[in-house]
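Next, two complexes with subunit A in common: one pairs it with subunit B, the other with subunit C.
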Partner chain A sequence: MRASPALYLHVASLEARKAMSYRADFWINVVVSFFAQLGAVWYLWTAIFRTTGQATIGGYNLPGMLQYYILVILMGKLVRGQEFSAGVSQDIYDGGLSRYLLYPVSYWSFNYAQHLGALLPAAVQLVLFMALLPLMGGGVGDFHPGPVQFLMALAALGVGNLLYYLIQLPLQSVAFWADNVWSLSVLLRFISGLLGGSMLPLDLFPPGARAVLQWLPFRALFDLPVAAILGRLTVAEWALGLAVALGWCALFWLLAKGVWRKGERSYTGVGI
Partner chain B sequence: MGRYLRLYLNFLRFSFSRAMEFRLDFFFRVVMDAAFYAVQIVFFSVIYRHTALLGGWSYDQVLIFACGFFLIDALHMTIFANNMWWLPIFVNKGDLDYYLVRPVSSLFFLSLRDFAANSFLNLLLAAALMAWALLRFPGPLDPLRVTLFLALLVNGAFLYYLIHLAFLIPVFWLHSNRGLGETFYTLEKYSEKPDRIFHGWVRRLLVSALPFSLIASFPAALLFEGLRPGLLLHVLGVTALAFAAVRAAWQLALRNYSSASS
Partner chain C sequence: MIEVRGLSKDFHVHKKQAGLWGSLRSLVKRETVVKHAVKSADFHVGEGEILGLVGANGAGKTTLVKMLAGIIHPSGGDARVRGHRPWERPRDFQRQIALIMGQKAQLWWDLPAADCFLLLKEIYQIPERQYRETLDLLTGMLGIQSELNIQIRRLSLGERMKMELIAALLHSPRVVFLDEPTIGLDLTAQRAIREFILEYRQRERPAMLLTSHYMEDIERLCERILIIREGEIVFDGPLAEVMRTHARHKVVSVQLKPGAPRPDLARLLGRGLDLTVLEETPERLRVQAPRDEIPQLAGRLVTELEVHDLAVEELDIGTVIEGLLHSRQGAA
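Up next is the complex of A and B:
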């Protein structure tokens, strides 16, 4: 028996409503957190451009660099989702997984629908600030993506979100054996932030490192969607990036399946 | 005082025995913190490929500053972080009752009861990185100033805890700390950058009401630029004021606490 798409839509909608239920949290997160993040990089890069006196660094001028960070902050939230509340490890840990084993649905699909629903606050934030972006001064608002760039970015964003979820799955599944796996999620956040282009544009890395980074899974998480919408990629470069990302998706899916199958055998259903 | 010391020694004993029960978790946390240090060092290395100075500091100076922040982070992760993680959960579940009826300060108990034995290893790693950064520094470093720098880093760890707590206390009213929690971790990034890159009202905020720049950057400035009594008094004064403000906020919050599932 297979669950209908309507069920997954309903699950995602419930999760979206849950994510929006704490209004104060939502607005603090959407507005304060965004400007705090943007402020930190604005001061950092203003200081660097002022000190060096260069017009461009790594192919970015100052407004271009700020555009990159604005987009990586907004799109990054859609890629990561509510990573630390990912219910997989919690379901394993407290035995909540048992009820899903009885439902006529795939647990992973159910959980991914929940994960997508929880993206609503980040999606609202993206739409809100993208609409406000053209109003920003100093050349930062000079940003007009065409429909092709928009579609390329949207596809990269979707694949990035799926890839981040699939990288998280085997890490979360370690909860079958370990008491607390949140540190693995934080570890992923650190590494993907640096090697995926969330902390720094990958163009700033030395050429040798860049050549390696384009084959790792992390680039597809942040650099690819942002570079696509900024028009810094040709269609061929974008397609190659997407193909690499989908290859990694398949690999992490297989890995997650293996870990999950092994874990299920040791799952007692009562929590650790 | 002796009673509190005995109590803290018991916290340490329980924490170490608990950490040994979950060996895998112990290892994960050590790796996580080590990755944080590596990521920060690579971040600054990449930045310095494109500039010779950041906020007036060379790469060697920024390395000492960054290692200072690692030490503060390791102290926080070891002594306070677990307790800060649990606090909003206790408030929302009504589990705070158990701690409020103890014959000791509730703030002391809730801030220090869970010592992260696994992060203690990272404290040793952070100390080793600091020794490495100081030893590789090309210029002379006055031992007295180094001692003062290290003492101010301990003060920085205490200040970091106070700011973190200030962002958690509103959970008594808001019932969810997700937004403020994320905002704290975003603002924390300001303490990982040299204070001289900030200017205007943001800088004034970062050295007063939200004193993130006083955590690691001011101690490093005192190390590199010589002892300035005004700067030292500023750091200690803001820490004392922050302590008084957080204590007052805690008392106010407890008066607002309505027990189970508030």
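Up next is the complex of A and C:
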């Protein structure tokens, strides 16, 4: 008998309720963090445009660039979530994994359901500020996506979220041998931010690098959903991007499975 | 229900020298030592039986329990729990077992117990009616209905342990592993947990494996015990058997008459007997002696002292087991 979808809904709902149970933290997470990131980007790119004196950089004018970053901040948070998968290494390290090994459920599915439930603040943030975006005026460019763009972006977000989680899993599983894998998470965050379009738009890379990047897993994390909502992708380009991402999902899933199976044999549950 | 054959577990433990130099050295080269936590264990536990697992800290009790619950893989040997290899963790096996660890909370810290139980209902897919009936029964037996809606982290240790027991038994497991279930609890809570375990055993008849440092847990709950020393099982049998085979001494207590002259112990006891004086006051004397020397000692005491009362006592079980755990020869 397999675990029922009701279980995972229950788990996600509990996690969502937990995310809302600390009111101050919830609103800091939703509002303050957004303006802090936006302020930094605004200051940086206004200075770059003013210093270089160029009207466009990589095909973006200043309002277009700011719009790109606003969307990357909002959608990127949904892709990365609260980085719940980072809890996997913690569970291995402090023995919290033991209780899940006793239950007749998959630990990964359970953890992923928790990860999805914890997305609630990021989802509220996305809806809130995307609704406000058209009202912000020309300073952040025009933003009027149609229903098809919404659906394309939604699918890209879903796949991006799953992919980021699956990339984390084999890295987190290294904790079976190395105890602390925090530096690997930082490295992933940096590389995925740089090569995925979170730190800067992929259009700023040279054409040769862009051609390579579209086959790597990172583009699907940030560039694909943002490009989809901005209407910069044809359906064929979007579908190819998703197919590449799903291929990487399968690959990372297999890799994580192999590492996990081997690592489990070294698990001590802490203490003798 | 539980069959264990030659089960062993080795841990490879990294060693690190103290100080800054030790830390720098460990970045390049680490020394590893092999710790034999469990050495070729053989035993079985039947339906309705509570087997006590007794040993000093680090003797390998928890490692053994973790292997049988499927949390860790063994280094050698084999075990079957309800016909399954635990570390392969088939779903059917997981639905039939429960593990309660007194030293490690397994419930979700931030949730009220009622929410934790609902989550477990979904995890084990317990039908609604069975869930209600079992929950009512268990909360009734433990008298804890009014605390169900309080966050786990706000409960007292005793209340939390009761919730852990309910959580572990909601799905009516056929095999229950209890690892130090009464550790840190006050005497009333310890007694309540013990009575609950006995009543539950009577009602459901699961196989139970209990580890505890409290001898009262072992004496009250277990008919049979395993004594484990440095990973090796050195005794497997009924509790009474430990006394018969390993309690080679008894204690003679003498109450002297008021105003009786103080005995000259060196003269009295120093004639060819292997004795240890445990207590000596003007009114009372307690002496430990080998079993076969007890009649001679008692006779000598009655003859030469003004005795008001005399009693011969067995050593308490804790002392016998402690002697067994710390002596390579296994004699107390």
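Here is the rule we go by: the second predicted complex is superposed on the first by the 265 of 272 C-alpha atoms of A that agree within 3 Å, B and C clash if a C-alpha of one lies under 4 Å from a C-alpha of the other, contacts with A are read in each partner's own complex, and residues count from 1 in each chain.
What we mean here is this: a contact is a pair of C-beta atoms (placed from the backbone, for glycine too) under 8 Å apart; a residue touches a chain by one contact, two chains touch by 3 or more.
Predicted model, so just to flag it, every value in this text is computed and none were measured.
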Subunit B versus subunit C as contact partner of A:262, first or second or both or neither: neither
Subunit B versus subunit C as contact partner of A:29, first or second or both or neither: first
Touching partner for A:184 - first (subunit B), second (subunit C), both, neither: first
Contacts of A:102 with subunit B and subunit C, given as first, second, both or neither: second
Subunit B versus subunit C as contact partner of A:44, first or second or both or neither: first
More subunit A residues in contact [subunit B versus subunit C]: B
Residues of subunit B that touch subunit A when the two form their complex: 22, 24-25, 28-29, 31-32, 35-36, 39, 42-43, 46-47, 49-55, 174-176, 178-180, 182-183, 186-187, 189-190, 193, 196-199, 202
Subunit C partner contacts - residues on subunit A that touch it in the complex: 1, 3-4, 6-7, 10-11, 14, 18, 21, 95, 98-99, 101-105, 264-265, 267-269, 271-272
Residues of subunit A that touch subunit B when the two form their complex: 22, 24-29, 32-33, 36-37, 39-40, 43-44, 46-48, 51-52, 54, 57-58, 174, 177-181, 183-184, 186-187, 190-191, 193-194, 199-200, 204-206
Residues of subunit C touching subunit A in the complex: 11, 35, 37, 58, 60, 62-63, 66, 69-73, 89, 91, 94-95, 97-99, 104, 106, 108, 110-111, 115, 118-119, 122-125
